[in-house]
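Each in structure tokens, the structures are laid out below.
Below are two complexes that have subunit A in common, paired first with subunit B and then with subunit C.
Presenting the complex of A and B:
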């Protein structure tokens, strides 16, 4: 500043006194996940007040389990949304993965682990196909993945019936490798009174890794850029195609984790399952602050969105309310969270 | 003229375009264009709206591939498959639309595609990126108090300064500026022109696109005028005066006609 003082012509350039430094509170409030955090606290307090079983510590495990089932998918779906795309096939792709593992192992009499690995290949291939088709055709991802959604839905039902004559896969719990695979995908640990499913661990790890990748790595920068302005990203040398296909494959990978849990939790998979879940993942991401138009959002927010789901699902149950209202509740939550997100962000930006 | 140690090197063009053409389907945006970009020289590309200037530089920047002719870098025929390709050979560009992601922060935009990383985990070196970004912007005379702000919240000129500072920071051999002063105040325009001269003196090849003949004549060594996708004038500075350049840009004869028409319209107006 001494140089500025001795150089009168420069003083006005060195500092713009119209902009005060932003306070820490304003910075925190302008984070995308604020709306979801507020929502989570409100929902938590609400059910603490009205539902007695909600206050029981032992039920934490159940609530977190419900949240993790959604969270494992909401995290990659949020990344994909920040990257500017949707995946409407995410819900049925989970079922496809579980079915693949089970049917492959059963029909060829393979070790269950072979089925698990081939299911991973199938899931990644579905993701890659979605991304490839999107970039190839230039159609909006809404349309492309709507197509995959219907294709997979039909394939799930058709192939399962063709191979088993049934709408569900056969019980594979007596096959080689099942016990070990179940440990990995369906086990649980007791921490005092709380029993935690392994999916909760996966969910937390996934959230931490994804948040780290998004905010602290080059790939994260690319995800924001391809979602914010794909043309600009390409012009600056960002590999737009690889980033988008990678995001779809991340959804595929997490779909595989969810699908394997489904299989090893229940020993069989229902071929009609998963329809409608894709919207729940998207809603969790939106509650968490992801913009539908891409380029902005948070995976931590999406996980908080999933937690809101977990709490609501069980809270309604515990409170003795009619579960018919669950969906209505979701819709209201979605609207409220979006409004709060926009409002809080605007306020914080003005501070 | 320019400060380049090795006069011999300065003579050979870094980048040569020979009879280059580009069609968008049935639109022939460029036809038979020749252009030489030399080290330590500012090449100005001028022309009407839609003349094909942006198309020309997008070929050099790797955003489009030319459909005819050849482009040579250091005398070797080449084709850039992507902007990344062009960047890795030291060509940096300020696009007319600036190529900034609106919701990303200033520093993230500045280093987009060229992120600095550190440590074995290759995590982003945020502190260093912010510091460099701040320093480069201060050098341009724009003060952006909070580099974490999304660029969408900045003024048009501030955004333009970010794009220019970025290209100047990363341009190693050739810098392309597509109408860099379009949204800038007098002072910032001056700074940009100074930067162009500085880059030229540092031995870079500069391609400047502008609609302002005064700016072009202030810094240009070499002028190319495009019209409907063809080169209609290709002259060195010593072959041309500012008046001639202005007239050529406006299309000479056409300008006289325009003056006539305007006067005519004026009289008609008065008669009513």
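Presenting the complex of A and C:
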């Protein structure tokens, strides 16, 4: 990174190559997200070639919507993974948030916005609880959040049944504030032929903000430090507790954004939803270059991972391939994207 | 210090309460609350019935089945023990635990008959009366089960296919929300046998945004699709949004109903629904066990009792609507 400091008397030719500066191209290629970007381009070109509707500009909105539904959560999950932790409750927590907003507003006859705000409190509290329990018990986050995952699944179902007598929330579209909240969380804008859902905007904003925080602020350095070696980080004076709890709360916050979309897009929330999505978020982050061991990764990469996932899911439909094999195609495409990712990275590291 | 923080908390609490009160809204629970009609319970001795289904957690269809079962249990002075597990082996274990608890009767769904067979037969041998509902119309008789309440999924699918043909559909899309589910496949196959120009698409039922995007992409890929057939009410509501996103004029039709779907049929967003009367399935299953225990009767007389398929469309939705509001249709 830094220019080589040459000792007096030494010529350029004998410069120690261990401290030599790398070319701009090599530095760019060694960014963790580059591999996934190339993977995304490969998948994109593949579907451009085989699927006619994929080439239609108007359908970009659909693809980006599919990707944004994953991306909004993949961003904080990537941050958390760089910080060295997992959150298996992330998928179900999205449903919990949507249910909370709907049930609070409906049960107490409140303005929908009150439900939305209290749901934010619930989501942040779940994140804080995950982080607190993790640090309190010293257990791996895999276990702690697995516990929350099951607890929330039961709570989602149990509380919904208790309050409504059903397993889905009642339709709250006739309540005060719903229309305004729907504009914020479930609207769409037409840009020429492309109709973009508001989630795409949230996804992009979250990616930019998170990437800035990670790469350009002190908090970002803390995240890398606690993920790399929490003990060393603490010794250096990094607030490990606050960083980790903050990361879990960031997941909670994004879960709230996602949950509000779920509620205001579909008017009701089914209490059994969201199971299995936590792995999709983690997969998107890993495709994007996050290490499972922490300390390394990229937010932009996670977003590209979400894009790869979204393109593949919908591209298979656009290509009209036999649906029985859908999951197989999905698996092959993801492997392809990841192999390209690894290949590009290895090439870059050799330069 | 402690004093001030307590004061702060009090003030915060009061402000929050005021804010909550100020933000009250129309609609919500208050406007739907009403007393359920109280029915007198039978004076027969209390009996225990285990009600064991393959329902996935959070599926609105099973709300209706369960409500029917609970209504019958209240009337018949029955202690109803409702349990469910979508996994065949786990559901079979629930039957075993019901036998161990020495319940007075078992109502069970046989969606995965091969997994259930051994334990259901064991229950019958142990002298516990068993009735089947919802799934397993081809399998229940050979297991020593007393009666069956449900629809034949394939016949229901054929009826849906015939209806599509009568509606003048040209090409239809069948949306399956769970890959490898026998009953759902039978519906699609039945519909396909009566209406050949039908394609399938698999979606992840637990992830609504991806369901919406998947159906949209299929409609964009093949603009010739003019009917979308979903296999559950929540998915029909999502398909309506997909059709709007894709900008086609495809019509949405579905299997099964819930409260939102009934209003959607009334508004014309959804054309029709195949109704298998889930409430009735739950009700009859429990009531038949009571009749068998108290009077030796068998509903259906050894034959399957069909609860569907019936169609709900604009012409008869008004009659269903009042009951759907109670969450029982």
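Going forward, the second predicted complex is superposed on the first by the 304 of 351 C-alpha atoms of A that agree within 3 Å, B and C clash if a C-alpha of one lies under 4 Å from a C-alpha of the other, contacts with A are read in each partner's own complex, and residues count from 1 in each chain.
Convention: a contact is a pair of C-beta atoms (placed from the backbone, for glycine too) under 8 Å apart; a residue touches a chain by one contact, two chains touch by 3 or more.
Everything numeric in this text was worked out from a predicted model, so none of it was measured.
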When the two structures are superposed on subunit A, do subunit B and subunit C clash or fit side by side? fit
Between subunit B (first) and subunit C (second), which, if any, makes contact with A:193: first, second, both or neither? neither
In the superposed arrangement the C-alpha centres of subunit B and subunit C open, at the centre of subunit A, an angle in degrees to the nearest 10 of 140
Figure out whether A:232 sits in contact with subunit B (first) or subunit C (second), or with both, or with neither. first
Looking at A:318 after the superposition, I want to know if it touches subunit B, subunit C, both of them or none. Which is it: first, second, both, neither? second
Determine, for the superposed model, which of the two partners subunit B and subunit C contacts more residues of subunit A. C
A:217 in the overlay: touching subunit B, subunit C, both, or neither? Say first, second, both or neither. first
Across the superposed arrangement, the tightest C-alpha approach of subunit B to subunit C, in Å, is 23
Which residues of subunit A touch subunit C in their complex? 51-53, 56, 58-59, 61-63, 65-66, 69, 105-114, 153, 156-157, 160, 163-168, 170-172, 174-177, 195, 199, 261-262, 265-268, 270-277, 310, 313-314, 317-320, 323-324, 326-327
Could you pull out which subunit A residues touch subunit B in their complex? 13-16, 19, 21-22, 27, 216-218, 220-221, 224-225, 228-229, 231-239, 291, 295-296, 349
Per the touch rule, the subunit B residues reaching subunit A in their complex are 61, 63, 82-84, 87-88, 93, 95, 97-104, 108, 111-115, 117, 122-124, 126, 138, 141, 143, 145-146, 148, 153
Residues of subunit C touching subunit A in the complex: 19-20, 23-30, 32, 56-60, 62-63, 67, 179, 199-202, 204, 206-210, 212-214, 216-218, 220-222, 234, 237-238, 241, 245-246, 258-260, 327
